[in-house]
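Same chain, two partners: subunit A is paired with subunit B first, then with subunit C.
Coming up: the complex of A and B.
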């Protein structure tokens, strides 16, 4: 089924575009330590709010323009005419542990100290925004996948059991679902976070966010799956399996799951953006990922300063653009998948 | 009709009870309490804190406090804000109108933009306008509200055309009545657009899909065969039918607006319910949190109820009593 789906996606230009963008994003995330010139915590207080450095060609080799600070209060930097520093590719930088266990030093590009390269400028403590974007992607892009796996499992179990058994189980499960849906989700998110956070270390916030998001997210999926399970229950093959004496669990996994798989896949793709957005929103409110970690939402929170707005430090808002690109790609891919899996529900072409 | 409304109100009661219990439990699980800030300050005497502890009944388990609170609520007393030392009702009265106005304006803005755009996109299907508007819908659905709010603040700061936050300017008190209204309106433009943007996209997609559904139905062919003008067919026959799902979608959209308003109100410093909830949760101002969250849910349920009533009014096929 997956092979067939992949083939169908690649037949559509929009699907191909989405896959390419996602591949670039996730490769960038996986190799972020290699691609980023600096560590996300690497400060340089002498170059706070540094604008993106210009890249110039000298002797057909890329060089970075060197800047001098003119006015520290207004974060004004002027390029020094004629002074540049060469960019070194595949050079050794500060040591890091690749994927957490392989010690390495090699980075894609580096600039001779004391000059620094800021592809997307620097923030208030002189940290490289580009590097932080790449490191932040590790949180922002993975949280959707992990969250969605937990949610869909929970949603399938609750919805499937409620739909299959019906009666009191169904009644209880659906009242719970309605309750969760009735409360505006961000209220619940913040309240749950307040209750859970202090029981964990600040470094475990990632885990806390995943738990919170999954605790809320399963309700919507469960309701729809229950509806589908209700109709599946009456189908001859399920009745046959029952007559043959198969256990409920076996029916649930052997007969319901394959029939719901395509829905689960589409729903998963379409709800990943919700997770990315929710993590960003929590971090943005200062309730998610904490320093020294990074995530796109946290970076946006730190950009929420009067200075940024009045001095037009647009590069500090690039995490927002990154969230936007990721979310729009997942949304489009979800629509493409839905068109393939369920042509009757097409929204775009009718 | 009256019976339907009463029944809806009755079903709200268990839900509100559930929510209040949930909030109390969650706040009890969260370590620390409101007095943590006071305890760390050395110039506040210990007797004072003890007296406050006793007054707020912080030493009791959550269920005891819950029933004390519930008893007061039944008598119409929602308790007192520990931060501001004013009754919670007073605080809510200040904040709810602001959020209501913002939500209502956002929905109106969304409808005013989305209906014409959705209709045009459906009539001129596959044209350039259709493509551009569907791209716009994708973009508007995908942009995080708080990022849009940041962009709006940036825009306001750079151009100076709009205030960067708040609900009124400093000299508000000295203005004439119309001057005040204009001042409010000036402050509301950006928050309304920011909050309404996502709803524009959802409404537009629903509108377009429904319009396309009805455009090919038999009664439209009949209307055309009778020789009615195209404008009359489109706007009286098709639009009249296609608009109903928008009404029922409004309830769902209100829910997303209430969630989104926490973020937008915080970024744009708008004194609404969302900001109040956030601040109270951070400071563990228990009664304010419970009351404000419940008010948010009541607003949501009332919104759903109004949407249902509107739907019954606009679509004569729907009979509420029989459901």
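Coming up: the complex of A and C.
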């Protein structure tokens, strides 16, 4: 079935475009340690709010332009004519642990110290925005997947059981769902975050947020799955399985799950952007990831200052663009998937 | 005219234009004309030396916090105190330009030979804003109220000298005498802190035991005329979350040289806005008359200076201090756990360790990056803004990682083969620093600190808490290793007593000690007491200088940097004199509107 889906997606240009963009984003995330020239915490206090460095060709090899600070009060930098530093590809640099356990030194590109390369400029303490964007993606892009894994599992279990058994089980499960839907989520998040912040390291806060988000989020999915399960239960093949004495759990996983898979897939794709946005919103409000961690929301929060506009530090807003692209892509992919699964509601022309 | 603003020359103008649009949309019409009542001038009216001006004009400021009360006995925060100061006067006040104490409701004073009795003559003929006469009874009533056990307030401790409350008595209708248990040189300065309350308004409530319920936010909202004072203004209306409007007090006791009663402005309005950024945007788009500007915004705000005819003034170093410190409190909490683990307490109580940490902190780099070069290193517990009391010759700790490592080695620390710093007993050096959230510069300072400490082999973890939780942790539970905070500065060091004295409530690293625990803390106590007992200014300064030397040598507080303060003010206001410390519109009663350009 997955093979069929994949084939269908590749037949639509929109689907291909989405897959390519997502593949680029996620590969960038997975290999961020190799792709980023610096660690997200590497500072250079002498080049705060540095604009993106220009890349020039010298002897047919790329070099970075060297800049000097002309006015520290306005964070103004001017290129020094004729002074450049060569970009070294696949060279060894400061040691790091790839994926946390493989010791490695190689990086895709870097520049000899003391010069620095800023593809997307630097922030207030001279940290490379491009590197931080890549490392921040680890949080911002994985949060959706972890989130939907929890919500879809819970949603399927609770919804499926309620729909299949019906009666009192159904009643209890649905009242629980209603209870959770009735909880004002933003206030709950703020309260939980306030209560838990003292007990978790900033790095763990990330997991705490995902778990809080998904524990609130599964209820909606459970409702829809319950409805679908109710109608499935009346279908002859389920009745047949029951007559043959299959266990309830087996029916749930062997007969319900494959029939609900297409819905789950579309719903999951469409709800990933919600998690990405929720993380961004929480970090923006100061409730999410905190320094020294990094995420797109946190980077945006750090850019919500007047000077970003008055001094035109546009590169600090690139995390916003990244969030925008990711969310749009996931939504489009979700639409394409829905067209394949349910052609009656076609949105995108083939 | 308005359309001029809608040509977005840059993003900033565009945003300003959007804001302006909403501001115009929310305007409700013209300003109501002010009816200036004519009353006789008091006999002892003070004649302002400033240039005489003309009546009229509205001065608008913005604030991100609003007053929580209008009762001086209840007020704890700066915003309430500022609002109260608009309509109440003290006996004395500190003149930020002359840099000395000047009379307010007191006309003159006389200090006895033994320096313990101060006789004050009050201004005659002064009337409260409701027309009742002001007399010595009001002064006596105010001091009686603040020493009344039914009404706990912050002045009680301030006016308790050498363990005994100040004594006060009425000699005649316009004379009061104060007595202190020991000679106390900052007396004239601190006696001006409390605004004198009208006895005729509050006497009944005082007798009933309800004084602290008087003059709440509700009073200001529903019956602003009941806020009776002697100050330059009275409250006209108060809308929480929106604005407070003041109008001139028709009985104010200051006049200009032409006999016109001050203040000149028709209305003084403070708008309540969401945050600092909003205030800056409002100022940069010409909607408010004055605003404090942070170092990072100076260049951006100056771009609009000619468009909206304002100037951004440089005021020199800020008056407050910011610092990091380590918990040095020995002992255990009620739960039986040590406040600080014993081996860490040993590090934190070591002077060389603290000095090494400050040497290893790249504060110079912070100035260059985070503060856009508009700050200077802080070396002393009194900010360089306070020129009279600041000691420029204290030990300094520049960024010098080699020196830091050398000091750590002398103290028995050594880096191990992985680069981690370990102490004599083999413990890896790591600690946690708490800071308050909600400020954009703090995370930048602390992430730099963390990187710098990593270079020394020290692991620093940083936790952000909300301000209230942070204060509770460092001042009540004492369960922390390090923290970062700041204090606002006052003109006279007697305001910093609670920090300096080992028995002080704000002696952060080890507060409220029964006996000074270290020799240097005992030395500081001695110097503080000595400075409060001598009336010779040079001697006082020398004691305070010595105290700062001890602080900078021992470093219980690791000072950060002092940013330069900037303030924006519209050019149309005349008689503006910008002091190095305190509010810019401190002489609000003398400001008048010059000709429109």
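The definition used in the following text is that the second predicted complex is superposed on the first by the 332 of 350 C-alpha atoms of A that agree within 3 Å, B and C clash if a C-alpha of one lies under 4 Å from a C-alpha of the other, contacts with A are read in each partner's own complex, and residues count from 1 in each chain.
To be clear about the criterion, a residue touches a chain if its C-beta (ideal position, glycine included) is under 8 Å from a C-beta of that chain, and two chains touch if they have at least 3 such contacts.
Every value quoted in this text rests on a predicted model; they were computed, and no experiment measured them.
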Is A:41 in contact with subunit B, with subunit C, with both, or with neither (first, second, both, neither)? second
Could you tell me if A:284 is touching subunit B, subunit C, both of them or neither one (first, second, both, neither)? first
Tell me which touches more residues of subunit A here: subunit C or subunit B. B
Once the shared chain is lined up, is A:201 touching subunit B (first), subunit C (second), both, or neither of them? second
Let me test your reading of the model: by the given contact rule, A:57 touches which partner, first (subunit B), second (subunit C), both or neither? neither
Applying the document's definition of touch, where does A:243 land relative to subunit B and subunit C: first, second, both, or neither? neither
So, A:72: does it touch subunit B (first), subunit C (second), both, or neither? second
In the overlaid three-chain picture, which partner chain does A:102 touch, first (subunit B) or second (subunit C), both, or neither? neither
Which partner chains sit in contact with A:310 here, subunit B, subunit C, both or neither? Use first/second/both/neither. both
Where subunit A meets both subunit C and subunit B, residue numbers: 194, 197-198, 304, 306, 309-310, 312
Can you tell me which positions in subunit B touch subunit A when the two form their complex? 15, 18-19, 22-23, 25-27, 29-32, 125, 134, 138-139, 141-144, 146-147, 150-151, 153-154, 156-158, 164, 205, 209, 212-213, 255, 258-260, 262-263, 266-267, 277-278, 281-282, 284, 289, 293, 296-297, 300-301
Residue numbers on subunit A that touch subunit B, as the complex places them: 179, 182-187, 190-192, 194-199, 273, 277, 280-281, 284-285, 300, 303-304, 306, 308-310, 312, 314, 317, 320, 323-324, 327-328, 331-332, 347-348, 350
For the complex, which residues does subunit A have touching subunit C? 41-43, 45-46, 48-49, 72-75, 124-126, 194, 197-198, 201-202, 286, 290-292, 302, 304-307, 309-312
Subunit C residues touching subunit A - in the complex, by the definition given at the top: 10-12, 15, 277, 280-281, 284, 296-301, 303, 362, 365-366, 368-370, 372-374, 437-438, 440, 443-444, 446-448, 450-451, 461-466, 469
